[in-house]
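Two complexes follow with subunit A in common, the first pairing it with subunit B and the second with subunit C.
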Partner chain A sequence: MIPLVLPAESEALKPFVTRLRADTGERKQSDSILLDMDATGATYAGEEGLIAVDGATATDLNGDIVLVRPEAGRIERLLRAGSDHNTLLVTERCDQLCVMCSQPPKKTHVDRFDLLEEACLLANEGTLIGISGGEPTLYKERLLTMVERVLVARPDLSFHILSNGQHFDRDDVARLRQPLYAKVSWGIPLYAVGAALHDEIVGKAGAFMQLEESFAHLIMAGARVELRTVITQPNMGELPTLACYVTSRLNFVEVWSIMQLEHIGFAKGRWSELYVDHRRHFEPVAEALNHAALHGVRAQLFNFPRCTVPAAYRAFAVASISDWKRKYAAACTGCTEQKSCSGFFEWHPDEHAETCVEPL
Partner chain B sequence: MKRRSYLISSILAAGFGVPSHAQADFIQATSSGSDDPNTSNLLRQFSQDHYVTLASHRSHSSHSSHSSHSSGYGGGGHYSHSSHTSHRSSSGGYYYDPQPVYSSPPPPPSPPVRPTQPVPSVTQSTARPLFGSSNRAPAPPPDGLPALSGRTKRFKSIVQRVEIALLAQDYYSGAIDGSVGPALRSALRKFQKDRGLDVSGTITPGTLDALMISSQ
Partner chain C sequence: MTFVPMRARALGTQPKTLFVNDSGRFFAGSDAFVERLLQNEPSDAEFAFLRSEGHWLDDDDALGRAAHSRSVARRFTIAGPLDYLILVPTLRCNLSCSYCQVSRVNAEQQGFDWSEETLAAVLHCLDQLPAERIKIEFQGGEATLRPDLIRAVMERTSRFRERQFVICTNLQSIDDEVLAIFDCPEVFISTSLDGDSATHHRNRTHHSEKTDQFFYNLRFIVDRYGPRKVSALPTIDSSAPPAVDDIIDAYLEYGLDSIFLRPINYQGFARKRHKSSREQGAQWRAYYESFVRRIIERNWEDRDRVFEETYLSIGLRRIFRPGVERHVDLRNPNLAGHDYIVIDYDGTIYPTDEARMLARSGVVDLAIGTVQDGWDSETRTLLNQHATNQFDPDCQKCVYQPFCGRDIVDDLARYGRIGLPRHETEFCRRHMHLFDFIFELIYSDCPKIRYSIGRWLRLPTTPLAIGQIIP
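Our next item is the complex of A and B:
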């Protein structure tokens, strides 16, 4: 696992964003350069003064864009230079409470959009920046403003924003139609067709209706949408029905991601009532994939280790888990498909992981 | 320090700590472009030794940091579940474990392994160290205070050097305590103004250069 937050000491009085550098190229105003390092970490100096970081080497950190939080004695690695998996968390508030939520929301919100915008502007050429929460669109105005400002200044960047899709309305259509939104995609969850089950899973009455409204607006805006469905015991059997709905009503989506459960957050405590072993009950997934393929909707499986998926459907299983939280079981040693495999979440129980893989 | 740099390099060369690339975002998944994790990182590994401009100052006393890096200083050593950087599905962080580096420390009483080898530091030609490894006072005896973490040691050590350099040039008259207080800030501002640097009151790379504490 790659640490994203590290203990650090800084002389600054308030949080700031900087790029940590260990190379000797020309220093930009926003860079902090390596001064010193030892077995415990590395020390840098930039315009905001000294930063001493523990727990990672200068090589690990080279090129990382970090948020330095002197008051917390930490740095947060917002955009890691060597990674394709960089996600900015814009809020921890959410207006849904999904039964399987991997990162249960909090009531408080700390507005860090200005700092995150600075980080985005420093990003490496062509970076895809993930945005997550909480529910980012609770702060829709701030969010869209940030995205627009960044993309005007940096048309090479793109965003993928995870959202519950509860907050798009008619007034957003014209805005989201702007050409720069071609660089923005939205990852939006839908768990079942029909209000009863979907609303129960997301813990919000009226969520399904609202989501349908939002999809209509997103369609009118020509928005790019990745539809996401986490499989759980309550909705697994509904997957084929959902597939019909997706292919008939929502075939504008770029891709439909069917996702296996993550053993963390609420799902951890409710594992026995939520988890479906897809090795034993793959039929609904297969049916959904067949239907999607037949109707030209691209589908993919997230968090399904490749060897646990029947060979015919293995091509759908992608390496979905971000580098910093991905692990492979000891039993995966020697597997030839590891590079294209999701592996497991760092917090997935080893005893389970070890028993369900067989190297390909 | 030299030896430690090599240790770090060889650990990295052995594959630890090198971020692995993998496609996984739903866009990457379809267009898995060039994905060679080796080239750029490898270059960085071999080049890093040259930029440790303060390396020569650290030598002996840094042994003591082995025992102390994670001991009770502050609260920053732990990752809470409220981690703001983390993705939706994060539970927070995980502490990088530098254990492998500790596995074979040089025996404390013996001198550094290559004492005669000149340290390839940029500092050498352009700036004289304020104090080198030979004339540095031994670590103070245990005083019952909690040991400092690695970051605090490194931080204080550089601030102290700045304090001494500013003291030597009559900009600063406070304590050589390794902490950045109002007196040091105003000394920094005055120094920066006199030298035509950006006046920030912080220890910037330009200020370190001008104080001949480090040089790039």
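Our next item is the complex of A and C:
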């Protein structure tokens, strides 16, 4: 696993954002330049004085845009230079409590939008920046203002924002219709058709109805949406019905991601009551993929190792797991499709992973 | 609560009545359902189906309303920036096919190639294009008689991020210069193949050494590049069509897995030599159906490859995948002179290749401008005022309107006017037949048919049902 948070010391009085650089080129104001390094860490100098980082080499860190938090004694690697998977966490609060939540919410919120905006403005040319939570749209005004300011200054960047879709209203339509929102896509989950099951899964009464209303606004705004459905025992059998719903009422989505469960957060403790072995019960997934394909809704499978998917559907199984939390089983050695395979989450139980795979 | 605008048509399917709403979503209903509908007493389950499938809107269903509006809007073609050029660098040709559509001239004649000035204007036009991608089709005459002009155009497009060239050629002669052009990976080759060697000889080449040369060259390029690089079209005389299997065999022999089945087009020399081609009657339609049914049989017998009739697949995609299909002969509105144009051998600009032929035949001059002086002309505006089926009184009553298109050039070619009642035109009859036939296939319970439809729509596996039903 690639560590995203590292112990660090800094002379600064308050948190700041900087780019760590190991080269000797001209220093910009936002850069911190490598002074010294050893096997366990590196020391940099910049506008805010010295930063000493432990647990990663100067090569690992070169070009990373980091948030230095002197009070916490650590840095957060916000935008890693060599990675296509960079996600900014804007809040840990959420108004849903999904049964399988991989990052259970917290009650407190620390507003870091200004620092995150600085980080975005430093991003490499053309970077796709992920935004996640918690629920980012709980702070919708701050969020949209940050996105707009960044995209005005840096039209080369784009955003993918994970949201529960509970907080869009009619007044957002004109705002989200602005041309710069062509660079923003929203990843929004829907688990089942109908309030009964969806609301139960997300732990919030009225969530389904609210979501339908939000989708109506997003359609009218011409928003780009990635629909997300995590499969669990309660909703697996409902996938074909959901597919009909998606092709009829949500066919504006750019893509529908059907996702296998992540062994972390709430799902870890509820694994036996949530996890569905799709190798044994692929029919509902197959039916949903067929129906989506028939009606031209692009679908994809997330967190489905390719060898666990029937050959006819393997093209849907994409390398969905971010580099820093991805692993492959020992049994994957020699597989010719590893490059296009999701593999497993770092925290997936090895004994399960090892029995799942069969190199292609 | 209300139905969205919906039309119905009785078909030879089971259940019998096809319902299509104005966004193109459809289902088939039984006679019993139709009866319940007329009595205004569909069951709760039926209403639930109609609601979830977008045919019925509750007053407070904001999502249903938005989704429906968007789906209706998706049915309209938006002509993007100009990114598709059909170029005719020369009208000269080294063959003389009986139904030649383009009014060719003999290979030795002077004055039927682009002049220096025309070439310069074409290249200047390329420099002005706003799009990042470009598709260029070289038509003729026989474009390969002027490889220098093809090369000049190709070289001028290096700035585009994505380029595709299609060279339409009779493959009579491939010299080193032409071969060097073919070798470019962005070049695709389109040729005519009427069926077996006897048919091709009778219709096109007329001399056995030319026939042999064609088949030798076709084999040569398929072997050299693989069949993906090559496409072929037949032209079929529906008064004496070749045996279906002979044509399919001829295509498969060269690894070609799709065929765009065209009757003789009522254009160019065909107007004189094939008068019967003005209307394609029941004979052609029966042949077309038998051809597609034979393809379905053969796909079922040999699962190692999938053969398809291109226009039927276009129709299927028009039904199921609004906004995806870019075929310019079947779209609505069918804007002329915007996203694609034809530049003739003398620099004249036409909205379509058919319009070029019409002008050549002296029927009506539909030129919209010249490459030197531009084509934002009154003629173009006039054509585009009638480029949609949206307000046609016949089309408004037709279930197939969301899938269908409009082709006023075709109307002008056949009837000299565009104001005929729609159902009296060949365009309408052809597409009524096409869509009737497709829905008959969609609602067939024959596994062989479902298998082929699944393959043509590139589905992962064969679906259990393709169209929805209210029993």
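By definition in this document, the second predicted complex is superposed on the first by the 360 of 360 C-alpha atoms of A that agree within 3 Å, B and C clash if a C-alpha of one lies under 4 Å from a C-alpha of the other, contacts with A are read in each partner's own complex, and residues count from 1 in each chain.
By definition in this document, a residue touches a chain if its C-beta (ideal position, glycine included) is under 8 Å from a C-beta of that chain, and two chains touch if they have at least 3 such contacts.
Nothing here was measured: the structure is a model prediction, and the numbers come from that model.
The superposition on subunit A brings subunit B alongside subunit C with room for both. Seen from the CA centre of subunit A, subunit B and subunit C lie at an angle of 130° in the overlaid model, rounded to the nearest 10. Touch counts on subunit A: comparing subunit C and subunit B, the chain ahead is B. When the two structures are aligned on the shared chain, A:295 is found in touch with subunit C, with no touch to subunit B. When the two structures are aligned on the shared chain, A:173 is found in touch with neither subunit B nor subunit C. When the two complexes are overlaid on their common chain A, residue A:248 makes contact with subunit C while staying clear of subunit B. Of the two partner chains placed by superposition, only subunit B is touched by A:106; subunit C is not. Of the two partner chains placed by the overlay, only subunit B lies in contact with A:8; subunit C stays clear of it.
Contact with subunit C, but none with subunit B, is seen for A:216 once the two complexes are overlaid on the shared chain.
Touch criterion met: A:57 reaches subunit B, while subunit C stays clear of it. After superposing the two complexes on chain A, the shortest C-alpha to C-alpha distance between subunit B and subunit C comes to 13 Å. Common to the subunit B-facing and subunit C-facing surfaces of subunit A is no residue whatsoever.
Those residues of subunit C that touch subunit A in the shared complex are 25, 52-54, 62-67, 69-71, 320-322, 324, 457-461, 463, 466.
By the touch criterion given at the top, residues 193, 212-213, 215-217, 219-220, 244-245, 248-252, 286, 289-291, 293-296, 312-313, 315-316 of subunit A touch subunit C in their complex.
Looking at the complex, you find that subunit A touches subunit B at residues 1-9, 11-12, 22-24, 27, 33-41, 43, 45-50, 52-60, 62, 67, 72-74, 76-78, 80, 82-85, 87-89, 92, 102-103, 106, 110, 112, 128, 130, 132-134, 158, 160, 162, 185, 187, 226, 254-255, 257, 262, 264-265, 300, 318-323, 325-326, 339, 342, 345-347.
Within the complex formed with subunit A, the subunit B residues making contact are 1, 4-5, 7-8, 12, 17-29, 37, 40-41, 44-45, 47-48, 50-55, 57-58, 62, 65-66, 69, 74-77, 79, 82-96, 98, 101-102, 149-155, 157-159, 180, 198, 200, 202-205, 208, 214, 216.
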